[in-house]
Amino acid sequence: MQFNHFDNGGNAVMVNVSDKDATKRTAVAKGFISMKAATLELLESGQVGKGDVLGVARVAGIMAAKRTSELIPMCHTLYLESCSIDFKVHREHSEVEAVCTVVTSGKTGVEMEAVVGVNVALMTIYDMCKSADRAMTMHGIYLAEKHGGKSGSYVAEGRRYEG
Amino acid sequence: MQFNHFDNGGNAVMVNVSDKDATKRTAVAKGFISMKAATLELLESGQVGKGDVLGVARVAGIMAAKRTSELIPMCHTLYLESCSIDFKVHREHSEVEAVCTVVTSGKTGVEMEAVVGVNVALMTIYDMCKSADRAMTMHGIYLAEKHGGKSGSYVAEGRRYEG
Amino acid sequence: MQFNHFDNGGNAVMVNVSDKDATKRTAVAKGFISMKAATLELLESGQVGKGDVLGVARVAGIMAAKRTSELIPMCHTLYLESCSIDFKVHREHSEVEAVCTVVTSGKTGVEMEAVVGVNVALMTIYDMCKSADRAMTMHGIYLAEKHGGKSGSYVAEGRRYEG
Amino acid sequence: MQFNHFDNGGNAVMVNVSDKDATKRTAVAKGFISMKAATLELLESGQVGKGDVLGVARVAGIMAAKRTSELIPMCHTLYLESCSIDFKVHREHSEVEAVCTVVTSGKTGVEMEAVVGVNVALMTIYDMCKSADRAMTMHGIYLAEKHGGKSGSYVAEGRRYEG
Amino acid sequence: MQFNHFDNGGNAVMVNVSDKDATKRTAVAKGFISMKAATLELLESGQVGKGDVLGVARVAGIMAAKRTSELIPMCHTLYLESCSIDFKVHREHSEVEAVCTVVTSGKTGVEMEAVVGVNVALMTIYDMCKSADRAMTMHGIYLAEKHGGKSGSYVAEGRRYEG
Amino acid sequence: MQFNHFDNGGNAVMVNVSDKDATKRTAVAKGFISMKAATLELLESGQVGKGDVLGVARVAGIMAAKRTSELIPMCHTLYLESCSIDFKVHREHSEVEAVCTVVTSGKTGVEMEAVVGVNVALMTIYDMCKSADRAMTMHGIYLAEKHGGKSGSYVAEGRRYEG
């Protein structure tokens, strides 16, 4: 067995997808950032009027998802047909969850685009709040589901907050 | 109290650092990606000759750290004087740890640059290995330490694998 | 009524175009920069041999149009099939007009690409001439026409210099 | 007389600033986008809770200002020490005004950074609202003031809404 | 006769390809960097374990090929379906050869993408080795072959190391 | 001996320059593109009025030099204080020579910026002329001289067309 991002000589390579079919593909990635209760409160208060941390993070995540192929060396350039980022505040765990959903019609999937969208959204939250709380931690970042393409559907199992 | 990335009207703003001193600043960020034992084995076997996942991830992380201000909306553009990424394989936890160290001489710190370097390195590992293991998870991404600047040194406490 | 770049919760979102048809779409945007008569004269003299302000501005506008999705947060990435920028010197109003025409075959239009092309061309003229004339003003920047897509053709009416 | 962005042979050139002093420099640019009264109302209603057009436009403008040297061919790369964008709604003229203020300590000014910030903010407003109003027009985009550097201060005179 | 990247007025223009067919297109570019024998030896020793110059150069070349349209003003943006870079060490000439192969399904060819991939790979070798050998020279960079599109196949003739 | 872009473990690293002095540094790189006599004639005729290949190539080279750190993985981000590109037509060899001169005041040199400027200028000439002549070849690309920094001045010897 071998990773498909290397050729037989072990050299990194952008996988050849030229003979694949262009079909509709969707991916959803999720991730979390935990923080002090006081930081979360501050973040939430900003939502209702000013200091919109999550609004800035959403824009950053969407813009980064579009540039995934510039960040991840072997990723194909792709035309994204839809990209959205949703946030859920989990007060009981003192954390924010980011969910990024990406859709394309193409020859490769958009798993990495969704992962990049979540990650950059979380890092932007970190940046916007770090003057109040340097100890925030990002965690639980994973591919929640993907649909379409030759390998069909995949749904991650047994994750926190799932189902 | 208020986040310093918003003005009094609640508008996002790039913090004015024009009156701060340009001094030497260092930041170290860390993060982890856990995977199946078989995936880790495959990744490690690549290190000794071909299929160098970590080599590609290191380049990706360093290149992304230099472009932090393009990804994180309110980050200042900065001249990085040093950037390195080290990986440690923790076989007992079936995971890889990435450590990014960044140095600058400037008016703001390089915390976000270190965080971006770690995150993009981890996402590149995910991308390079995802054909073998879609369930990999990134976790424990945080600022480990920073030095210099008006607020001086900060060292995260009580983290796994520290000390 | 609601802007379509927000979901029902008011969150900014890249509009989902995955179910739209890929068709030929064209957009034309226009804009003006007014300057002192002496500046315009200097600019025009450069056209015939050296100091080609408009040549540099044309290149800048075309290059920026290709990167529209990096600048405008909710814009889709697009493959441009044609992009050109024409300039007209209106000596009687002491101004330069820029016209950017963009063509694509895709699921969304190229209105923003045309607007970005015009705007960056005008800003480049400003930059190249500002040592002679800081008071230049950009104005009358608008979508002149667009064709194709579900909403069909649109032609702006009653604008200056329009037939 | 000659534009300083060309050498004696008429070739475009990035002006040599290596012998200039690094000093504090500020620039303020302004610009407007006019729209239908109904569009402005929709935009304003979004400010108080959801559909924050100006919030997205502010982020876009600040991010673009940082990348000015990538857009404007002969602009120097610069480290921005502060960048902010303010909006004023002029209901009587049915338009939105954008004001971008940029600060640096360097060998060249930040006039273009301020102009780019205003322009991209206005274009983002156009993009976010164009589903409701294709006829919006950007106008009155100019350098309002700049301070610092060898040429000292400049304040534009006789503009609308000034003073 | 006239170059097709200019209109009848002599203005640079992105060629209109909207009426062309989207077909499979391939391009191969080659190039060389010559260096001192001692430098080549150092480079080769790095291949077997550490200091992997060619691994870094391969990543750089592939990443740059994806961004060709940002570098070459009149190039179309393109979706690359495959990109790989191979290196051959020619000890007898004390040089390294880079070969970049790119595949797309589109309305224009990928000649420039292949040329950019080779060039940036060679420049990265230069950068990684320049502390040991400033006199390295890049040479023999050309389009080796291209297939597909209206003009069909082209294979360069009589080049060194060919056939 | 070892390349300085790798640490003791053989990992690629951005060299730490934080303890170096910021001084004035200059670099000059040169390179050539040879073509058919008819192509060169076409290119030269464009210079006097329309179809300004070299004007476009100059803009492309300068813009790329500013983005060197995005292309070359281990290059430091740098503030360029001056960048110019000159072309010389060598009719007797049926080729165009590009010369890129870059100046900075910083802790590292601008050798790579000069090399990137030359290379992208040459590739742009290739792109603009390739409809007439696919067999053009780039060659003789090297660092002609550099000044400043700890290692002082370097001037390449025995090159063609050098004094």
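Note that the chains are named A, B, C, D, E and F in the order they appear, and that numbering of residues resets to 1 at the start of each chain.
One rule holds for everything that comes next: contacts are C-beta pairs under 8 Å (C-beta built on N, C-alpha and C of every residue); 3 or more make two chains touch, one makes a residue touch a chain.
From a predicted model like this one, the values you see are computed outputs, not experimental measurements.
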Exercise for review: Could you tell me which pair, A-D or A-E, is linked by more C-beta pairs in contact?
Suggested key: A-E
**Study point:** Option reproducing the contacts of C-E, where over half of them reappear, out of C-F, A-C or A-B
**Key:** A-C
Revision key, fill the gap. Between chain D and chain F, the Cα-mean centres are separated in Å by 32
**Study point:** Averaged-CA centre spacing for the pair chain F and chain E, given as whole angstrom
**Key:** 16
**Study point:** Residues within chain C bordering two or more other chains
**Key:** 11-12, 49, 52, 55-56, 59-60, 63, 73-74, 78-79
**Study point:** Partner chain C, residues of chain F touching it in the complex
**Key:** 48-49, 52, 55-56, 59-60, 63
Revision key, fill the gap. Given the complex, residues on chain A that touch chain E span 7, 11-18, 69-70, 73-74, 76-79, 106-107
Practice item. Quick one: which bits of chain F touch chain E in the complex? Just the residue numbers, please. Key: 1-6, 9-12, 31, 42, 46, 49-53, 56, 59-60, 63-64, 71-75, 111-112, 115-116, 119-120, 123-124, 126-132, 134-143, 146, 154, 156
**Study point:** chain A-touching residues of chain E, taken from the complex the two chains share
**Key:** 24, 55, 58-59, 62-63, 66-67, 78-86, 103-105
